[in-house]
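There are structures below to look over.
Across the two complexes that follow, chain A remains constant while its partner is chain B and subsequently chain C.
This part shows the complex of A and B:
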């Protein structure tokens, strides 16, 4: 995950909290590098599917992604802003972005 | 996308989209608005009075952490003049509660509030780990729920506190409303929508001096999403976990339904809460017909039982299990012919039956006998002491003692207990015979 900065990739910080970190081996913070496809910049949807398919080792994938998108009840904050303000999963990742996934589904 | 300015201050960048009205707010305005709304809930419902000592049920989770933070802020800002303390219950589940209790301890320091931690072992002689060892993972949530309910009351009584606030939020209430709706249990629906409930309890120092512990939910109209965002933007220290004994709870279907509805139509959650309140007003003899503002709120007895872990209702798996038990209990009630007896003239005020049939019959009776309506008065709760532990109970032996007896005899009697418990909040005279019949079943089962 800690690849060198490359021009053909976007490096973002991904954080998990609210109990979601349990699905990612208790990791709270990850550096993720998303490759660009030519001029095409990867968006949050692609990041989510990468996290779900390649990063997440827990078999309960549906606790993170349901029906092709982030499970209802999980908040997504892009640089601290609700992703609804940023175009949701169509938001195009920029170098250094912070993407936070917070579960509201867990108890204390 | 260009940054959207805050709808209130028009200067800062909006970071939050409010679920209730889609308004886009900056961090500072959101925090201000969120706190102001809780303040409004508190004042509009007259939840607190000056000089009152209030215990906050604290689990270390997001709801109770936000509750403590907001109440401390508001108490200082608006000079409520209330004394706030933290009360935590340690169920005795290793690897689950340990870490969250550490969070509560940190919170107590951060907020400079006294903290009391009360353990199941201390109260009942059993930790949940030991209970599970005895009864297995299935059905252990019932024990946990019954024990916890009393534990908060006992803790409060021990501290000389008559008011306990909990962190139930709008999502929790909406979830419970839906579940009771799906179950056809309007009387219970009416209780769970009340912002204030009261449960009987006994001061531990003197078992004879009974006191009513009032419970309220200041976050009742707060979205879970906003609670989490508030905690995030104020960098509050909270702990999230799932009870290790109810992994299925995460997939609780009522919860999933609520969250799906929210995504399609965010206002749905508060709409369900409001619908629940309106339906509650239609329930005959409902305490909520006074708008939930009565000094003596609805009895809360069954409301939160079955919830595991921290915030009740979060663990919908436990709730669903409870629901199944309730269904089984309804069958038992039918076998005993309860629905016929329930509808006798004595039905009034706080009679809460769990079956749908009784409710229907009750309405019919009311229509036919107008004098019955005229003479309807809320009955005084006939409360006695549990003959074993002295805890206030409408039964001779309280629920916790029944469960404990089963545990101590190395023979769980979960199923029977539920049928027994069903009558616990029924105080109508007409129930007496049926209840004693059930009690006989209980005794025979012993």
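This part shows the complex of A and C:
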């Protein structure tokens, strides 16, 4: 069963920090399964739209996504590295990846 | 309390104060003496306002925190003066060997490291939750010169985390208050006051004399301004921030190479080219902050500053063993309630098209000095929410009448049950204090979207309000913004029965209620 599941989906861990967890019902860590479309592997852009459209229950969507991508002030980290080092939203998800969304803080 | 015990208590308090005054006078005399000595030695005199003296302030407005430290400070001055005759024999004063002994014997510091600290000057922008612990550790470690920038005064709500300030110094400028504490901690450090808010026009002149800058401020606009100024002047920047239970730390523009030199460290704009939308920015006043969380981040800033200052200079052959600082830029994330609490993230290098640190930079000294770079506009600001029409709103005074006044037609009955009062603050705030008879529907609950499946089984709160369709709904929050948005949302959900039922917000929220109606309602 799980063997079969692995063939047509990618399991990733999604984490939120810096207050973004409040937009996701105070969950800091989620296990997300992204379906493959045939040979096509889902990328981070698709993960972001899935999180925004299907997972996020808060109506304040623009606190997470603005103009079709993650809003300014949020860093996306793929396996503890800035996504700019990994191809940004075109990075193709791999089984077991850790995707961390960090909102910048300004308080002091 | 009986009259006798009151008299006795007053006598004791007076005796305590007199003793303390004696100590303060002694300390003042020592400090004046030390100041004179420094002038004789030809040191640049400390820049301070002529009419202000922190010790005199303590004498007239408040009581010093710790007698023992004052006495020791005074005694160490005396010792230091004795040493001045034999000052050239060793690289450090005898008192410095003693004071810094525990860090001097570490290979990471050693004699060269201590001398580098002594020759270093660090500017701390913001003397709040981050700046206080950062300043305390840098002054304690013997950084030669520490500058303090802040335009605010000490408030009671600062004291749970801003550890240099104290209860008697409420109302004093933060810069002056910090000077009192830091001077008592280590009188050998030269402290420089900049008791104003940093502005684009003043930034370059303020930063120029310093080797390193700590960003301990609390707004996006100041973070961009500080980073830009550091890039223009080629100074490394230690930047930290904190909110609720989380903190973040970055060492930026390190090493501070020339514009366009890819081997230099990234700046704040490389990491965050665009400012966050203003509605996503939450302050400590609105979101809350745990003292030790921001304290940890400030202490880490001091640590990173010490590492940068004492790092082996390239091309200099020192014989001390010192670890080389991590080359790749990183962001340290602290989450007090996560496991593990610390996480280090690899950051991007300098951005080839960065507006500040690339060859295509639009941020220039002229643009900054002339004030043509408007950081506040760049970061935007939230307009006060004003989405309702006048007949959807009620003042706190009129609402108080509805609550308190007897109904002229039915006699004695107060009309409290005649309506529904909805308080949309989060539950934790509602539990602190609330108006009698109010019901709590947190704004986060109101904002959560009704998915297709859930809209059939309507949210519990909405269906409960629907079941009392005859009673008007008054919506209340802390400051009067979320309440307006809630009124809008309730009407979208049709809770007003197509205009049959009145739904409106109480203008200015509980703050206005406290100011105009009930002064006893707690302020937090």
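We take it that the second predicted complex is superposed on the first by the 99 of 108 C-alpha atoms of A that agree within 3 Å, B and C clash if a C-alpha of one lies under 4 Å from a C-alpha of the other, contacts with A are read in each partner's own complex, and residues count from 1 in each chain.
The working rule: contacts are C-beta pairs under 8 Å (C-beta built on N, C-alpha and C of every residue); 3 or more make two chains touch, one makes a residue touch a chain.
All values reported here derive from a predicted model rather than from experimental measurement.
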Partners on chain A (chain B, chain C) - clash or fit: clash
A:87 touches, of chain B and chain C: first, second, both or neither? first
Touching partner for A:73 - first (chain B), second (chain C), both, neither: both
Dominant contact partner of chain A by residue count, chain C or chain B: C
Chain B versus chain C as contact partner of A:58, first or second or both or neither: second
Which superposed partner A:105 touches (first chain B, second chain C, both, neither): both
Which of chain B and chain C A:28 touches, first, second, both or neither: second
Partner chain in contact with A:18 - chain B first, chain C second, else both or neither: both
Chain C-contacting residues of chain A that also contact chain B: 17-19, 22, 63, 71-73, 75, 77, 80-82, 84-85, 100, 102-108
Complex contacts: residues of chain A adjacent to chain B: 17-19, 22, 63, 71-73, 75, 77, 80-82, 84-87, 91, 100, 102-108
Chain A-facing residues of chain B, complex: 1, 4, 13-17, 24, 27, 59-65, 100, 103, 171, 224-225, 227-229, 232-233, 238-243, 250, 255-256, 259-260, 262-263, 309-311, 314-315
Residues of chain C touching chain A in the complex: 126, 128-131, 215-220, 223, 240-244, 246-248, 271-277, 279-284, 287, 289, 294, 331, 333, 335, 338, 343-348, 444, 447-449, 451
Residues of chain A defined as touching chain C within the complex: 17-19, 22, 25, 28, 56-60, 62-63, 66, 71-75, 77, 80-82, 84-85, 100, 102-108
